[in-house]
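Labels run A, B and C following the written order; every chain starts at residue 1.
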């Protein structure tokens, strides 16, 4: 039982990272109706920026963290304006292709600028555990969870209680009508990408600091998990993305602990995907997705 | 009055392409023939993906999984059971095709993004299985084939089959099936109300495209002389999709451009970087880690921006501007004007 | 000086030209109807005004040239209620109304206007937290109108408001429009296929055919016009 709780908490810590990235995917999907395949690499690139600030320029962790998030926000908005917006008329598959091109570009750029060898991002969190009775709670996992949830709550407040948030939601729901009401929808789209980039920066930095080392490919499996979590949660549902990410983290951890004969580290991804696919077959629009009833 | 003679540009292009392919071996060195044989495999796989995504509108990121199946069928049959490797090719296609067909059933309930995620699972699952059942597949280390072919042999094996597959695709798509595919792409609801059997058509689309991928995988294995599960990752699926989009969605002829793009652009990225930075006076090292990838990403973005409808779209626009000039003899009505009939009470 | 003035406006969708030189004027306080058959260019005219569709030609609002984007038209005081109502379906009734007031900065007045809307249509207030997409067609049309009014526009562009609505609801809608025009002086340009209703409600009307103005005049006179009666009023 104690191990169970421990693994659940550890799973939540991992799941927080998936949740953050999944939420970023959902934000962009709601606004632009495409999956941004470059989301993981954007997070990776942000992580390298933080790394450069900390290791090459001597910043301490938290100022670097905040600054990187801000830079990522601006970067995400810039990418939307320069890369995505010119292709807006070309059809969704072309835009998806552009995100794939971005994926390749960012990956290459990171290797080019900072070299593909293993790097270490200092870990600001204690790596020990807290003891509650017999149960050992890993501290890092809790911190990861708290930080991601804080970001999620902040975004939730923004989207639901501010005029800007209302305009952001309106732009995603009906861009033409929103323009007719005076909303500068392209700016809203840029903001959406900015928030998504900030979320993926959080995911990347937390993930890298938890690992011993990281390389330019370190987010490439994470994005698959995040994509799966976002889709199965319901691709337009932010709550689905967060819950999906957390649930996925916990499930993978528990499977790895209790079915470790079958679920070796190699098998984690296929098994996770298999489970998700079963869910998807049962609920084709995702768990929290709206089943769109098509009017003929 | 506008006159327009119908020149079958697609046929002209296809014949020109066929001629080029026949003549190429006389001009190319063996290593280049070898590389061009890969273009052939990609071409076949991308044709299959074009049928599924470009024509039937089903997004698939799992195509590499079907290539993997074809590759392993060929390898296992020729190495462990003594088959002639060429004879295995049709079977490789059929096995992959059957798998694709079966995948179509659960895929029926899924659309768009949800379907894309489901297709992700195909290569991931198959790679894991290939690694797990080492006895059969040689596991993660891979399995060599019985013979190593020269570039010329690879070329001469691959391209006639590629030509045949192109014809097959063309024949399949010009009839009812092609129309059914295209209707589904535009609107599934409209298709059903027109009597298209959605289930059969969709599973057929998956099955046929997987058949193509299986054949491509078999040829790929024969060309390389070695099969390895990690060749067939999602990255390869994405690469094939790039090929389809760059060639032009919905165009069979365009696929050849896509195949050329995905084989040669990564190869020449360092040279392109050199070529671009010379007049500007930069001196970045094009062989540095990550540089070719970065250049490739930029090139891809430029291609998407400049030719969003792909090579086929560019060609079509070019052809249209020529035919308009050659065959139109000025009119007086503005295009698109329809004079409505007055309703008589 | 007319409030809105279109001079030889052309517009096209890609290669297909839809407007071939539309000229019309609207004075402040009027209700003007734009009539015509399917494809005549009525909706395109509204879209050309609000900037949803690219246009050539002169469009002047309040004496000044009107910029070509929807956001700018909204800022200038023109609120366009598009065909199909343009409801923000996943947002609530209240959120839709608040979006109507997006460009306004006077928070207190906005709150007052919201209350006024709830009083005018009590069911709107009762359902303020309901998702707008779950309202019926007629209710959505009313919501769209109230949302447009939240912007305190100088001019309303209404695109086929009667589309898909039962006749009684259409009557109710236009009764509201007439009252608003009379009491608050909102200028209205309404596009309608239902020529009967449109001519009843409006002071003047323009008849479009094939992207050009074919006929114009006082609504009462157009009612009696032989061609209009035969082709558009059905008798």
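Things worth noting here:
Everything that follows uses one rule, which is that a contact is a pair of C-beta atoms (placed from the backbone, for glycine too) under 8 Å apart; a residue touches a chain by one contact, two chains touch by 3 or more.
Quick caveat, the model's predicted, so the values are computed rather than measured.
Centroid distances built from C-alpha atoms place B farthest away from subunit C. No other pair of chains has as many C-beta pairs in contact as A-B.
Separating the CA-averaged centres of subunit A and subunit B is a span of 31 Å. Centre-to-centre spacing of subunit A and subunit C amounts to 43 Å, using the average Cα coordinate of each chain.
Inter-chain centre distance (subunit B to subunit C, centres taken as mean C-alpha positions): 49 Å. Across the interface of their complex, subunit A is touched by residues 53, 59, 106, 109-111, 113-114, 116-118, 120-121, 124-125, 128, 131-132, 189, 193, 234, 238, 241-242, 245, 249, 288-298, 300-301, 304-305, 308-309 of subunit B.
Within the complex formed with subunit C, the residues of subunit A that make contact are 163, 166-167, 169-170, 173-174, 176-184. In the complex of the two chains, the subunit C residues touching subunit A come out as 50, 52, 69-71, 73-75, 79-80, 82, 86-91, 95, 98-100, 102-103, 147, 151. Against subunit B, the residues of subunit A that register as touching in their complex are 29, 35, 37, 83, 86-87, 89-91, 93-94, 97-98, 100-113, 115-116, 216, 224, 227-228, 231-232, 235, 266-267, 269-270, 273-274, 276-277, 280-281, 284-286, 294, 296.
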